[in-house]
Amino acid sequence: MRNFLPHLKGQPSSASNGSSETISSLISAWFGRQNWFVYATGPLILLFVWWIAYFFTLVDKSLLPSPFATLFDTGVNIATGDVMNDFWFTFVRVFYSFAIAAIIGVPLGIVLGASDRVYRSVEFIIDFFRSTPATAMFPLFLLLFGLGDFSKIAVAAFAALLVVVFNVAYGVMNARQTRILAAKSMGASRMQIFVDVIFFETLPQTFIGLRTAVSMALVVIIVAEMFIGATDGLGHRIIDAQISYNLTDMYGSILVTGAMGYGLNVCFLVLEKYVIHWSGK
Amino acid sequence: MRNFLPHLKGQPSSASNGSSETISSLISAWFGRQNWFVYATGPLILLFVWWIAYFFTLVDKSLLPSPFATLFDTGVNIATGDVMNDFWFTFVRVFYSFAIAAIIGVPLGIVLGASDRVYRSVEFIIDFFRSTPATAMFPLFLLLFGLGDFSKIAVAAFAALLVVVFNVAYGVMNARQTRILAAKSMGASRMQIFVDVIFFETLPQTFIGLRTAVSMALVVIIVAEMFIGATDGLGHRIIDAQISYNLTDMYGSILVTGAMGYGLNVCFLVLEKYVIHWSGK
Amino acid sequence: EKYEEVTSAWLPIMQTTAYYVALEEGLFEKACIKVNSNKMQSPNHIIDALVSGRADFGPPGAAAGIAMIAESKFPGTFKVFGLQGGGIKINLINDGLIVQDGSDIKSFADLKGKTIGHVPGIQWRTITKHLVRAAGLDPDKDVKLIDLAVPQQIPAVLGGSVDATLSLEPVGSIAAYTDGVTRAVINPVAQTIADPFYSGAAVLTTKFIAERPETARKIVEIIDEATALAMADFEKYKSIIPKYTAIRDTQLDLLAKPYLRGFKDINETDLNSYQSFVDVFVSEKVLSEPMDVRTKMLSLSDFGGN
Amino acid sequence: MVIMKNENLVLDTFEEKDEAAQSSLISAPKPRTSYLTIKGLRKSFNDTIVYDDFDLTLPLGGFTSIFGPNGCGKSTLINMISGLMPMDAGEVLYDGQTIDETRISYVFQNYREALFPWMRAIENIHYPLKLMGIPKRDRNERIDRLIEDFGIKIDLNAYPYTLSGGQQQAVSIIRALVREPEVLFLDEPFSALDYEMTLLMREKLQAIFAKTKTTMVLVSHDLEEAVQMADKVVLLTRRPTRVAEIIDNSLPRPRDAASLVSNDFVALRSKCLEIFQRETRT
Amino acid sequence: MVIMKNENLVLDTFEEKDEAAQSSLISAPKPRTSYLTIKGLRKSFNDTIVYDDFDLTLPLGGFTSIFGPNGCGKSTLINMISGLMPMDAGEVLYDGQTIDETRISYVFQNYREALFPWMRAIENIHYPLKLMGIPKRDRNERIDRLIEDFGIKIDLNAYPYTLSGGQQQAVSIIRALVREPEVLFLDEPFSALDYEMTLLMREKLQAIFAKTKTTMVLVSHDLEEAVQMADKVVLLTRRPTRVAEIIDNSLPRPRDAASLVSNDFVALRSKCLEIFQRETRT
């Protein structure tokens, strides 16, 4: 009982001590505060389950390679720079689509969320497209943006944008009004309330949205690389490996994709711990 | 200035008047409180943009049908029961996968989120799979669950589950501790705190997760119907229409899919307004 | 009477016509077989299902090339008992080069500096490369190859995202009747690799053959019977195709008859054609070692003794 | 007398501040001589009628205390007259103008939620001045002076959620004062302050009032405090809320701790209590 | 005397309640005669040391008031001794046992966030009894009696966020009392209550204390209140916090409004104030 929910009542994060810390020291502080073991658990569980499935042939061995063979192969592919090349192309596409989604989505979400009427009136569009698979929209995006990189980025940005807008608007609608009233009483303009209060008030929810969005952007980019013509990127690598029955490469590429997703999420996690020191207070 | 953010300071929802109201009266109250016009805006904007694109040939006419022709065709298809059949199959699959995701995801998210250490240790797995497209996982799910409906439901449930767990756990981690301490001071057990306090405290975030998840489940089911292959369902309909180059049917089926997504979201919206009367207070 | 349960995984394409006919004519029921029929959208999913034992047989139309790539990875998994495709001499269409109306692309040789889309995956990428190379161009430098999902092919040509596509039936036929796009070359693959050319195959898993040889034999017989029916009167069976594929009733007139070869029909020409196809995989370095397709064909002795 | 010892300092401070204000774009709050009129005010929440056809007139430039039972609608009232909550019907005019033309400050009863947790305490205090467009140097000067004057011993570099309840409330009050408002609303502003701090705050507020004639509206459950601070004590009834009576307090200012035991004061206090009890018992 | 008039009712109520309690699985809180001992308590937040090697012994079954300046660590202290906040070091024992064995109730300083907004006020009050496994009928009876006894006029079917600040605080207090705790922690419990309600609550608390000898720990900034209610007033210094002095108040109970003007009481109060001022000024 004494140890129940320890993090909910622990000291506030060290972030409150000053903003002069460098990001790198933040990251190490963040990882250091809990021992490395915690962060190793996830990958280890994954490997372990995989290994069990492989070793006890729970799944046909010819279709599920050994985790170690996969890791080894992936290591080799990384060392030869082969995977890194695809990684980089995918990363750049994800970066652009996410950036577009975030830069447009956060302000848009705040403005839409600020008025119930306005949000309700566009909610159809947001929910509609959130529920429509990007793959079904490919023809339209191909039509609008052609076959190049831009149409992949556009479709991923669109999917991620919806997520950001949805989360931010929701955050605004669930925001507590006391602080908004406080700012209003101090004569803040509508714009100032948006920027100085609602933005921050919504920030925890915004981060959830951004994390969902960055994973979404990655997923859509991978799918686009798989299905709308691409000659590089991890998605292209996955489908090539899938089709040519290069199983270790296929699972290895999926691993690399997932790792990129986790890495992007960790960036936000670190940023979030640093920025939103007040959450739950 | 006087009308700024009206919904943030409006009367509390009528839900606080008693739980004896029927759901139908709730729905009508919910829609009635704001005029119908608000809800019509979204679809109208969509149609209008579409029509503009069509009419001024911003997009090749042979690739984008007229919105009215599409609506008419879809209407006919609905009337003949053709679409409704596919609608129903898809709906049932979405229902199952969402139900699985919600029933497992909410408690799991609460338990994982209650401890920073525990969540950090599985975060890799959650973020990993959130960032991996369901399409890339199809082969594995085919392997595990066979070729039938169940593997489609499983892959969608898995994707939706991750979203639910992520959102719920985040909600728990961002929850305010005062109420948890209050329950603790009253001698609530760990379990009681989960069920009586953290569950409710997290509910606004849980609803965001559920809404994201239901759209996600729909998207994955459609994609699975499109790409794993199915003999019914809207995804099957979309890909068939795409292949046979039947544009009005394709866009019509996408419309119906999106409408289902919106409809599911509205259910949650109504439920949420009813259940979470305290949000922002 | 006891029904035997058999699981199939098939693609909704023209090459699968014999299977549709078998289902429509109730041939499986007559043989006391209950088919657990699974429609797939990707040939790879079919091969996955077969390799993992989730399915017992792949009706006609399973990707012939991919089956051999899989066979090289997991030797001894499949036996081929039918081939499907098209040919110039027999005048049956399998594939085509699709371009915009009025395009100056008349053949693969005109593709220099252009973009061509093909069915996603290693099989068609290899074929396309081979065709480009055969036309005297370097597929890595002169032409840009793009994986393009089947539904995206006509829109991509129409919208100008690609200059041409190498498309399988029925896309080619639909394109031929669609305003704005046209079929520049019919059966380009057969022209280059082998005539007739087979991109589809019917396969049984060796596991299925070993465990239930009698049932496997019945399957082969049924498909043979259905193949004969379909080839004999394609016009009659055309009308059932919309039930199984994306083709609509209104598009029936466009449909090109596929060239279907049952187990009984396969002759040396067919085997040579298939071997040429597989050799392309070797020359394009998709398969690292030569493979003899004859060893992968079903023989009656596989059913045990008699 | 403790409470007296800072008196001159306060006056000095505000003299300086006026100069600073003039040099920094803000017009010094000028004493008003006319009225804040509330007419036909109506407000209900769902089925609960809080105000129905409520009228009240208060002098601008005066110090008004509002005293009434829990839930009678004091917070609701000042929320409405400060323009933060919409009225169902009625009109609130300051000298014939709407609230939008007036520079107000508000110390919320719910002090814990009114500070911005993403800003340090000191940044919270800076914020209203920033909104007014005052340059950083002037802000610093003004705030330093105020904090020194009040003798605040709180670590202002801390984030609000690391402060104790009373410290948060003190920061809220400082934030409201630094804006040098024309009308100051105080909703139970001292409820979490310690003994000393409460005395100090009462003292300082009175000094500011004496100096600037800022209109002040105070809600307090401490009858002594309400009467000590006010020109007029508005006594409210239970819901549906009416004005039970308005008691004038014209005792001389400054009213320090000593004056609270004077006979006049005690009589005034008793009178208020009597009315309050009469109204709330029924 | 207003405050007296419910006295008998209270005693009756608690007599009845004891019976109800016996018939309903809860052992009646038995008066303790031993000590609550705090030894070697240490607590700091980041760089701020709040307690360092802090010792304090309080009698169980007694009424202790804690009085000290804002931010000295009163809330922190009772959070730790009630087991809600981990200590950095030290030990808190109730009669030799840890807090887990003890039935406590806690009225939070932050009363607005302590009620569950998803439950109606009445459900909030029910909740602690539900946790104890008391059947609905008994709960209803017990709560009805308490509410009637306290003469609460709040709409208990309302959700907490629709109540005024004071009403929320009153509900919090009722919720804490209904559990009939062995130790009751009160952190500025009356800060938002109106004049009448405050008097009533003080009265009722004293009555309950007299009747049940429940150990009570009260934090209050109202010196009169702190002294009136307590057997012992613990005066705390500024941070790092020490016990400045513990003043015993052995004046006879019940201590009603009249007793607050007695010479003994005034002397006691002055003594406390003196110590407090001496400690906080430095």
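For clarity, chains are labelled A, B, C, D and E in written order, and residue numbers in each chain start from 1.
The criterion applied here is as follows: contacts are C-beta pairs under 8 Å (C-beta built on N, C-alpha and C of every residue); 3 or more make two chains touch, one makes a residue touch a chain.
Only a predicted model underlies this, so the values are computations on that prediction, with no experimental measurement involved.
Colleague: Which chains contact both chain B and chain C?
Modeller: Both-contact set = A.
Colleague: State the smallest step count from chain C to chain E, taking one step as a move to a touching chain.
Modeller: 2
Colleague: Averaging only over C-alpha atoms, locate the centres of chain A and chain E and give their separation in whole Å.
Modeller: Comparing mean C-alpha positions, chain E is 48 Å from chain A.
Colleague: Need the CA-centroid distance for the pair chain A / chain C, whole Å please.
Modeller: Comparing mean C-alpha positions, chain C is 39 Å from chain A.
Colleague: Got the chain B residues that touch at least 2 other chains?
Modeller: Residues 1, 6, 9, 12, 16, 60, 63, 139, 143, 176, 181, 184, 226-227, 242, 281 of chain B each touch two or more of the other chains.
Colleague: Among the residues of chain C, which are close enough to touch at least two other chains?
Modeller: Expected reply: 44, 48, 52, 151-152, 155, 159.
Colleague: Touching two or more other chains, which residues of chain E qualify?
Modeller: 45-46, 83-84, 110, 113, 162, in rising order.
Colleague: Help me check something: in the complex, which residues belonging to chain E touch chain D?
Modeller: 2, 45-46, 48, 67-71, 73-75, 109-110, 112-113, 153-155, 162-167, 170, 188, 191-198, 221-223, 238, 273, 276-277, 280
Colleague: Provide the residue numbers of chain D that touch chain A in the complex, in ascending order.
Modeller: Chain D residues touching chain A: 79, 82-84, 103-106, 108, 110, 113-118, 127-128, 131-132, 158-159, 161-162, 179, 185.
Colleague: What residues on chain C touch chain B, complex-wise?
Modeller: 7, 9, 11-12, 36, 38-42, 44-45, 48-49, 52, 54-55, 150-152, 154-155, 158-159, 170-171, 174, 178-180, 245-248, 251
Colleague: Which residues of chain B touch chain A in their complex?
Modeller: Listed in rising order, the residues are 1, 4-10, 34, 38-39, 41-43, 45-46, 59-60, 63-64, 114-117, 120-125, 127-137, 139-140, 143-144, 163, 166-167, 170, 173-177, 180-181, 184, 190, 193, 204-205, 208, 211-212, 214-215, 218-220, 222-223, 226-227, 235, 238, 242, 250, 254, 257-262, 264-266, 269, 279-281.
Colleague: Touching chain A in the complex: which residues of chain C?
Modeller: Within the complex, chain C touches chain A at residues 44, 47-48, 51-53, 66, 69-70, 73-74, 77, 115, 117, 120-123, 144-149, 151-152, 155-156, 159-162, 286.
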